[in-house]
Structures are given as C-alpha cells and as structure tokens.
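Quick one: structure below, then a few questions.
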Amino acid sequence: MSHNTFGHLFRVTTWGESHGPSLGCVVDGCPPGIRFTLKDIQDELDRRRPGQSRFVTQRREPDEVRLLSGFLTEEDGVTLVTTGTPISMLIENVDQRSKDYGEIARQYRPGHADYTYDMKYGLRDYRGGGRSSARETAARVAAGAIARKVVPGMVVRGALVAMGEKSIDRANWDWDFIGDAENPFFTPDRGSVTAFAEYLDGVRKAGSSVGAVIEIVAEGVPAGLGAPIYGKLDQDIASNLMSINAVKGVEIGNGFEAARITGEQNADEMRMGNDGKPFFLSNHAGGILGGISTGQPVVARFAVKPTSSILTPRKSVDKSGSDVDVMTKGRHDPCVGIRAVPIGEAMVACAIADHYLRHRGQTGRV
Amino acid sequence: MSHNTFGHLFRVTTWGESHGPSLGCVVDGCPPGIRFTLKDIQDELDRRRPGQSRFVTQRREPDEVRLLSGFLTEEDGVTLVTTGTPISMLIENVDQRSKDYGEIARQYRPGHADYTYDMKYGLRDYRGGGRSSARETAARVAAGAIARKVVPGMVVRGALVAMGEKSIDRANWDWDFIGDAENPFFTPDRGSVTAFAEYLDGVRKAGSSVGAVIEIVAEGVPAGLGAPIYGKLDQDIASNLMSINAVKGVEIGNGFEAARITGEQNADEMRMGNDGKPFFLSNHAGGILGGISTGQPVVARFAVKPTSSILTPRKSVDKSGSDVDVMTKGRHDPCVGIRAVPIGEAMVACAIADHYLRHRGQTGRV
Amino acid sequence: MSHNTFGHLFRVTTWGESHGPSLGCVVDGCPPGIRFTLKDIQDELDRRRPGQSRFVTQRREPDEVRLLSGFLTEEDGVTLVTTGTPISMLIENVDQRSKDYGEIARQYRPGHADYTYDMKYGLRDYRGGGRSSARETAARVAAGAIARKVVPGMVVRGALVAMGEKSIDRANWDWDFIGDAENPFFTPDRGSVTAFAEYLDGVRKAGSSVGAVIEIVAEGVPAGLGAPIYGKLDQDIASNLMSINAVKGVEIGNGFEAARITGEQNADEMRMGNDGKPFFLSNHAGGILGGISTGQPVVARFAVKPTSSILTPRKSVDKSGSDVDVMTKGRHDPCVGIRAVPIGEAMVACAIADHYLRHRGQTGRV
Amino acid sequence: MSHNTFGHLFRVTTWGESHGPSLGCVVDGCPPGIRFTLKDIQDELDRRRPGQSRFVTQRREPDEVRLLSGFLTEEDGVTLVTTGTPISMLIENVDQRSKDYGEIARQYRPGHADYTYDMKYGLRDYRGGGRSSARETAARVAAGAIARKVVPGMVVRGALVAMGEKSIDRANWDWDFIGDAENPFFTPDRGSVTAFAEYLDGVRKAGSSVGAVIEIVAEGVPAGLGAPIYGKLDQDIASNLMSINAVKGVEIGNGFEAARITGEQNADEMRMGNDGKPFFLSNHAGGILGGISTGQPVVARFAVKPTSSILTPRKSVDKSGSDVDVMTKGRHDPCVGIRAVPIGEAMVACAIADHYLRHRGQTGRV
C-alpha cells in the first residue's frame, strides 16, 4: 500500500501537515555504510526553501532538518554513515502565521483539495492545506538527498524549461547557471531570466498565477535498472512525479512528441565506440527502453498547473451547500512550479535508487 | 513489489511470453458476489484482438480466454459470480509463426528492449519480444473486464485522438461511433476516418510507423477515491498507463496545457445545482483534485510512440559487439497506438477499482 | 516490503534506536473520524514502561509520547480526532546512561544480534542494542493504542501465563487482577504472585534470566476477518508476534496441543442460540477457522526466551576473531517476558485492525 | 497486500480450487540464469502427492506440472533456465469425483472454514473445500522447487517428529531414511515406523484423525539474511508456515522450550574455529539471532491439527439456522500432517530465497 509511502527496497514514508508542530519522513531500506553529512541534506532543503525571492511564497521557514535515527557519527563529528536501519528526519514548522480561517474552513476553494477531502474523509484540516500543503515536499527533498548517495556516480539535476507561455531556448542550456545567485527560476538559460521575471511580475501583480514545465535529467544511471512490465523504471518515475502537488502530466524522453513522429525519426541508433562499448546516436527514449535503463541519461519532464490560490474571486460552494465567491488572501506562489525543481530531482533520485537496489536484489548484477 | 503485479486491494498479476504456450493473469482481491459472463471478458479481448483490419498486425490469434478459478456458475450456466478468491485467466498462443530468429537473436533492434534485457538479465527470450510483447496486454484487458464490474455504475471508454501529425476534431466527438464497423481506428470523430486511413496507408506502405495519442474517460466514479499524497488516483492511473508498452507520456485533465495557462483559466468553478448537489462548471482537473476524485469524469491521455519495427534499416550493434544494420521483416503494426485504446481503458478501470476498494477499506464511505 | 513497516491498510512504520535522541512511529491508513485522547496512548505506554518494579530493567524513561500529525483537536482541547492522514508519534530517549562501550563494541554477546548485525550490515550501532533494543517496542505500543480504536467494540487483553518452570493456575483467571498494583507480573492468577516473585528474585540475584509465555485474547472481533490463504488472520497475528524481540514461538487457540489430540477432541461444535445466532460449544480454534475469524475470542500465545544479558560469563568471539568471555554488566531484565504483555496486545490489535479494514475494503461487509 | 501472494522480491501467487479445472502459481522475481529441469519440480510434487499409502487420502491425482512461462530451454531439450520473468505453473485437477454435495453445501462442518467463508464472502464454493483445499499446497511445493535453487548451496529438508501422542526418538535421526520406500511417514527415525503405523491404523479405522508436528531444517543459509524488526527471517518463516492449512503453532529453534529455561541454558556460545571462522557450540536459536541468520542451520517446527473430516457425527448448524449433525463421508486423511512435510520445506525455502534477494538488494553483500 502506498497512501504515504513510496518505493519498495528504498522506501520513503512522509508525515505531517503544514500547521502541525513539524513534518518529516522515514527512509527505510537504505544500504548500510553510506557516508553523508547533515549539510548534504540541508543544502537540498535550502534549494527548495520558500522566501528566497519575490517570485515564491513569502512564508519564512528555516527548514532545518534534524536527523533522529539510522546513522553513526564518525570520529570527525561531521561525517555520518548509514547503519541500514530507518533514517528518521524531522523539520519543525516555524512560521504558522495565526489567522482567522473562518471562511476557508467552510468554503471549497476551486482547484484545491478542499471539496475532495470532505468527500473522502468527511472532515479535513483546513489549516494551510493540511496534508496537501507544499510543505510536505520538504520531506521528499530530504529523502532524495539520501537517495542521491545510493547509486554510485549518479547525478540528478533539474531545470525549469517553460513558465506559462514562455519557454527557454534549449540552445543556451547551461547546468552551471541554475545555481547562480541571479537565477531565481532554476532556468538553465541565462537569456531567459529577464523575460521570465517580467512575465512573472505581471502575473504576480495581477494576483494571478501560472504553470510551468520542469525537466529532470539523471546521469550515471547504470544500464539494466527497471523491469519490462509493471515495474518499469519510467513508470515509477512517472508515478513519483505525479505524486507531487499540482502535477498534471509527465513524459519520458521525447514524450508526447513521440506520438507525432515516425519510427525512423524516433529510433535511437547504436554503434560500437572506440572504447569497445556500444553507444547511442540519440536519446529520444530518455534513457529507458522497454522499462529498463539503457545507460544513457534518464530524462523526464512534468507539467505543474498554476497555483489555485489567486486574488480574483472564483465561484464555489461551501460546506452547507451555499454558493459563495472564494478569493485567496495573503501570501501565495505566483508560479509554484519554480520550487518544484528540487522536488522533482528528489523524486527521480528516489525512484532510481529503489530500482538500483531491486535490480541488485534480483540479478546481483550491480 | 511490482515487477509483474499492480494494484493493492484489486491486484493483477500477469505472466507469459509471446512465444510460449500461453499467457494469462491472476486477479486477486476482487469482491465476492460480482456477476459477470465469459462473454463480458471475451468481448473486451475481441476489441484488442489483432488482425481485424489492414492497419494492425496480421498475426492471427483467436485470443479465447479460459477461466480457471475464482467463480461459481449460476443455474443458467452462463452467469458467473465471483467468490472473492483469485480469478485465474489463460489465453493460448496459437499463431507462433515458426521462423529463423538467427539474426534477431543476436542483434539489438533500435527502440526495442533487446539491449536493455541483456543488460538487466544477461540473457533474453528473443522470440517475439519475450515479456515485452504486445500480447501481454491481452491479460490486462481480461483483468480490466473484471475491474469494470467492481465500481457500481462506472463506465470507462477510450478513443484515439491523434495519430502522428493528424488529430481528430473534438467538436465531432461521438462515443457511439467508436464501435462502428467502419471505424478501424477507435476514433470518436467520423470525419477523421478517411484522413487517418489515407495517412496510415502511406505510412504502412513505406514500411514506416507512427505514434498516437489516446484519451480515456471514466464516468460514474464516485467522489472521494484516491489519497492526498503517494496514493493519488491520478498517480496510479499514470503509473498504470505508463506500464503499457511504448507509452512515453501521460496527462490528466488538461495536462501539459495546464502549464501554459493562468490560475483563473485553470480553475474549475462550482455552483449548487437544483438537485441540492454541487456541480462543476468545467473539468480542467480531469476529475481529480489533490489526488482525490471529484465525482466528475476522470480524464487521462497517453502518448504511444511509433512501433520500432520498421522496414528501413537502422544502425545498431549485436551481442558480440559488431556494428550491424537492423531491418524488421514480416508483419508489424504501422500504428501500435490503435489497439492501445482498450488496453488503456482496462488499466484505468483497474486503477479506479483498486482505489474504490481502498477507499471503502479506510473510510467505509462507499 | 516490510523491514520496518507492518500492516497493509492499517500500516505502522517504526524508527529509532535506544541511544539516539528519540524513537517513534508513523501510523498510516487509520480511518478518519476516530476519537481518542493523548491519555489513551500514554496509558498504554505506561503499562510497558520500565522501572516500575524490581523485576524489570531499572532504566528510567518517562516514555512521554508526542503527537506530531494526523489529528484535529476538538473544542474541549482534549479530544482528538483522526483525519485519515499519517499519525506521527515521537518518544524522547531520556536515560541514555553514558558508559564505556569499549568491549561491547567489539564483542559478540551470545544470544544477541551483535554477530548477525555485523554479518548483515558490515557495521552496527552497538549502543544499547541499536535497532533491536526493547525500547523500539514503545513505538508498537503507541501504534497499538490507535489500533484498538479501529474495530468497534474490540477489547484486546494479555496475560503472562508461565515464567520459566512456573505456570499460572488457569482456574484462577481474573482479568481484573492484571492491572492491580500488587501484580508486577501481568499474571491473571492472584495466587501466582508470590511464587513468581520468589522464583524471579532467585533468578535475579543469581544474575540469571528466564523466559515466559504470554497469552493475548481479543474479544469483540467480528466474524469474517482474514483470508483463506496467505492473508490468514492467524498468520498475520503470528507474524506480528514473532516480530517482537526474543519471541521464539507462537500458537493460536490450542496450538501445539492440537497436534497431540484427535479430530473429535479438537472440533468446536456449534448450535443455534436462543437469540437466533449460532454459537460455538468450545474454542480450540482460538477464534479462527481457515484463516478467518469466527466471531469467538481470538486467542494467541507466544514464547519469550530468557534475556541474553546475564552476569555469568559466556564464551564468544570478538570482531577481530579472538575468543573472549562475555559478561553483561549493569541493569537488565531478569524476565523480559513480563513487559511483553502490552506489546503483544498492541501487535494483535494492529493485526486485527488491518484485517478489519482489508475485509471492509474487499467485501464491504462490516 | 497478501491475500494470495507471499514474498517480496521472490514472490509467489497461487490460484485455484480443488474442483475447478486446474490450479497453479506464478513465481515472480526469480533471478535470471538459474538452471533447473521439469523433473526437479515434479519430484517435489510427487513427494506431496496423495494416494501413495493407506495413511493419506485416496484421491488419485497425477499432479503433473506444466510450465507455461519464464524460462528458456537449452540445447539438450531438458535443461531449463530462468529468464527473470514470471514463471507460471499449472496443475490439472483430474480426480474431481462427482458427488452430491447437497448437505455439505448447506452445513457448516466443525473445524472447517465453511462458516467463516459465509461470514466473510456471503457465499462459498463448497466443493472440496474451495480455496482452502489441501490441493492448493501443490502450487506451493512447485514454487518451493524453484526457491530451492535461488540460494546457492542451500538444502532444505523436513521430517515428521510427532504424530498425536507418539514422538520420534531424536537419537535415531537419519535424514536418508526419509525418502525410504518403507517410510510412509516422513519420519527420520526408522524405529518409529511400526509404532506410527499401528497407531495411525487405529485412528483410521475408528474414522478419527490426529495431528502432527513437523520440523524443517535449512542448511547452507548464509549469515546476514533477515532484518532486525518487521522483516525478521524467523517472522517470515513463521508467517509462511502458519499460512499452511491446519497449522496452529510455529516455533523457531528451541521455541516454547526457551520460555522454560534460563539465559545460561539458552545461550549459544561461540568460539573461533581452526579455519579462522567463528562457530557456535549449540543452536538453541535455530540459526537466527535478532531476526538475522547466523549461518547455522535454520530450524523451524510447526503443529498441524487433526483433520476435521471425521466419521463421528459432530454438532453443528446449517445455513438456514437449524441445528444439524455433520459427518464426513468418503476419503479423508487420518493425519494430514504427514503430507505437510514437503509443503513446510517449500514454504521455508521460499522465505529464505526471498530474504536472500532482499539482503542482496539492500546490502550487496552476497
């Protein structure tokens, strides 16, 4: 079952609401003997942290992670090593701005899960989105920081490639620019910053919001991970990405474009390299054939819908069955997709780490 | 674990290769007391069956399903009723055309799983694609025929909405046309048949292939199915659809389009109906908010890549590490996406049936 | 997978070591709308808490549970109600007596998991038994306190029925005596206290230890829970009980005695009651037939081995491959089985709660 | 979920009723490249097959297994090799003796699952015990034959050690005697045959039945398999054995005896061997410490209740709520425990194979 858990051998369980005392995760099944530091995890959390530019929510959260179990500390006092037992991580909720939830407690905000929670559970925690709060994704990022260490040599990076009507110029792709201080968008195209900024300022000032497309690339993934049918690597990556709030579509490699082209255009041809190893002449497949990794970079993209919290009133109903107009007040993300980049990376890293262990389990081949 | 099993309470395990004696599935966890007939299952299989037009593979398979366990027969000798124990279904492989696999046994066909199987398992069953054969999907369709009965009142239908560069005109959408004898494409648009036929004839005669986009709509899905985080209904639908061979992308509701629009445009507003029940003014969300069904139709689309088996030679390598040119001989599907329609329906039905039982288990609310 | 998780619909994941900052659990899949109080959980923990008599370890732990997620607080400020999202609970480790682990860090204590941890993981947290510490069971007891609320009307109670060579007189069975302040043994037989106390004082003073047999009885379990084959209710109860540290045997109903008697003696005959409901004339089956509950009390027993920590030196080896003599110093439980009573109750409650939800999911019949 | 599936990486799903056309299993997750023959599987089935002596049911079933998927045939036409895809096996039901089930269809036989099936499912397949038929265990034995090949060097053997009031003399233990043509009891004690035969003839002629205790020993199990908490090797062995029909108790190593002795008596001391490897001076633990294998033989025992089908009328009720007297007619096993020996071996082999793959997955250490 997977209400709040994902993965099989590398398993992540998250818990916590936006307005409770804390949230966190338990990472189970991590191999023993993996060295890491608290900073490795905190650095990833800091990339996701709100409040770092005017383009993301102004909620102020330090998002300091505490490690509660599953590791030993080496003599230097800094290096930690996994023991193979569950790693529990906890993040305090600090900025629980007190406010009157009177109306929101009863109204169903369009695009939010308010109505569906009531349909499912018969009750809901209306404070801050409850379990559906974007804060839950901090736990994923923390787990992903561990997952990155599981597959030797793997590097997982992500980039925002489109925001609303604006897209990057892929010819300008520069991974190094993504961590740049002048890049609040996780865009790999330095030339896109100004256009994105102007566009999003307009959206923000209008009290509106806009969607985004994120691309995740995992390099150093050994060939052979995945399974032909219901444990396809691309299937589990898609599942993990679709579990992120507000994601409405996922594609692998050339994705929906594959539906528009011919078999000749789509084929990734192969040749033997001078090093005696086969190589591919292209990567339309996104590094996965028949559900199994090819050794090429694994490429996935996902679409994030515009934040549903907007200043323009929208028609809705309330719990008692009355028509109401709903308007979001206060802080909100004009483009929630921006901060989805490190989250997407984490989810892809977790999927691959799980398949790495599964592959080793079944075949002993890595 | 889920190498060859999917679902939690409504679980499907499939087995079998294209060139073995048979293939089949075990459906576990089906509620007891569900009435069905052998014809219910056979009818679905017949929709997926190859050889029904010049546009699909000419392999001749009767695909007759045999029911081996999990049911009682009522006095009429026709009505079957589930007992709650595993339902085993078996389909013989009849048309295993004997041929010389000499080259294919050693060559890695571009776009196929040949190379990745060898990377994963160190050996492979090269006959007919082994486990990755499209024949495996017959087992899914059989399981889906049972799943359709699990949720009272649910109707799951699918349609091909694009083929290569050609798309349907959604204004002409007519579900009834899909089963029409003059419709070899599962298109809901009568006006598209001629254009699709001409286009695909050209593709077929050129020994080429082309991709497709399929849309699945599930009506009669009660509100409340799914979960906020890692058991989202859309996540499990996406996972199920991505597990189909050749699928490279999945989207829910307006999908990737959601990334291009604003929060105002994307919001599905609500009002109270004259019947005292809330209703939605639109369905951009595809019937799912926050991972939980809204009661609206659930809408999913998936992209199928062009068949990799084409007559034009492609560059590749073989097992011994030599460069080779690979060309597929014999029968092939010019657009494998056509027959994906009943498969997609089955996978969506299975996902919803599973969530229906999970929701009933946790909440007792249906 | 189930390294640190058990249950399917009612799922419990525990984490934490004896000598880390804290330990805890995440209870996932709990139905929404269940009312409980913090005291309900704390009371169960207090029953398991060490240091309450001279017969159990003198480690002083308040074992105060903190609730971190998954509930709403009602207006009285005391009543809590589950929301259906994961319930995270945390218990601080307070009494981590600082000591020199020099020898134990390298020696393999007979009967402990020291050697096997090194064989499995290549390293281990030698402080306080690491993950195998009896403290882990506090998390189970907390989870069990929630599980008790899931099945309406269910009451799960346990009793120590034998300690080493001494057994209770079942004719004296009095459930009410178990919570008595003069009963440090969870024995249901008032007459056994003196004998147990004298016997265990002897064991304790000799620096020795002794095993015990615990019986758990769950009343109010509706008929129909379980499954005929690999989801038998007795199987999952046995699995849950065997997962408790130091448990070496489990039996259901008359258990091993069933192997010694005839079919006539073992049959639980039935008759119709005056209330129009069938009843059983005996309960050799322990409330479970063919893996499914009968509606009678569910009865399970488990054997706990003597604590391996004893003062008499035992032959062993150390990490470097030298012969050593190992002797435990400091506090220890002379009969670890005593405190296993509330743990066994919790594990049985969790198994039944899970099957209650599974049964409701598949059949809709409760 | 595990209604009809067990194992995580090495997974077995069984299906089929006694009176349907066939029964079978799907073994998923088996490593690729394992060599075996059809005879390897058939030989195990033949050991379990009924009708081989007057002491077991006279139902005549050839129990011929058919392999349907998951293997390649080597050039010799006899050696099979696993491909890593699901292995489907099928056994026809041949001897479905036609009879009038009139009464049994309505009566609840004491000790059988008749009443509980109706409570669970609201209906049942009364023919031959439905899913609870002992025939289902043939599928387990077939799966176990594969599992035995997964762990290099592992040998799993079983023996009947007690039947009703009679026990073997362990001093006479001779594994080789178990396959002896003059040994219809799977007893390892040649001297016990006459006593068992006389005793069981008396039971049989009286139309009665009697229980048994079976011991399974797995040698060649590497140290390190299992997990400290909810994936203990002994827990999963216990779960697997408890899933066998009629099993009411399971113990590991000295089991319930451990509850009666002291820590000194129970400790398995260690010393370094001349080969530079540690060895144990005893094996009270049954090869498992803290849930993890020690490298010693893994020892488990289970208690089988007497067959509930007996000739003496027993009091019961029927579906319409009337008191009835139930008497079994026709063939029955006077001691169903005898044939449980190969079943127990299979279930232990499956549990260890699964943990072998899990251990390899998490740690890469075997």
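We call the chains A, B, C and D, going by the order they appear; numbering starts again at 1 in every chain.
As a working rule, a contact is a pair of C-beta atoms (placed from the backbone, for glycine too) under 8 Å apart; a residue touches a chain by one contact, two chains touch by 3 or more.
Because the structure is a prediction, the values reported are computed rather than measured.
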Farthest chain from chain C, comparing Cα centres?
-> B
Comparing residue numbers, which of A-D, A-C or C-D shares more than half of the contact pairs of B-D?
-> A-C
Taking each chain's centre as the mean of its CA atoms, chain A sits from chain C at a distance in Å of 38
Geometric centre distance via CA averages, chain B-chain A, whole Å | 27
Chain B to chain C, mean C-alpha position gap in Å, rounds to 45
Would you give the residues of chain B that are in contact with at least 2 other chains, written as numbers and ranges?
-> 1, 3-5, 8-9, 14, 29, 32, 84-85, 120-122, 130-131, 228, 358, 362-363
List of chain B residues in touch with chain D within their complex = 1, 3-5, 8-9, 11, 13-17, 20-24, 26, 28-29, 32-33, 66, 68-70, 72, 81, 83-88, 90, 120-125, 130-131
What residues of chain B sit close enough to touch chain A in their complex?
-> 1-6, 8, 14, 108, 110-113, 115-117, 119-122, 130-132, 136, 162, 164-165, 203, 208-213, 223-232, 234-236, 238-239, 242-243, 245, 248-272, 276, 278, 281, 285-286, 288-295, 303-310, 312, 314-317, 321-323, 337, 358-359, 362-363, 365
Tell me, which parts of chain A touch chain D in their complex?
-> 1, 8-9, 29, 31-32, 84-85, 228, 357-358, 360-364, 366
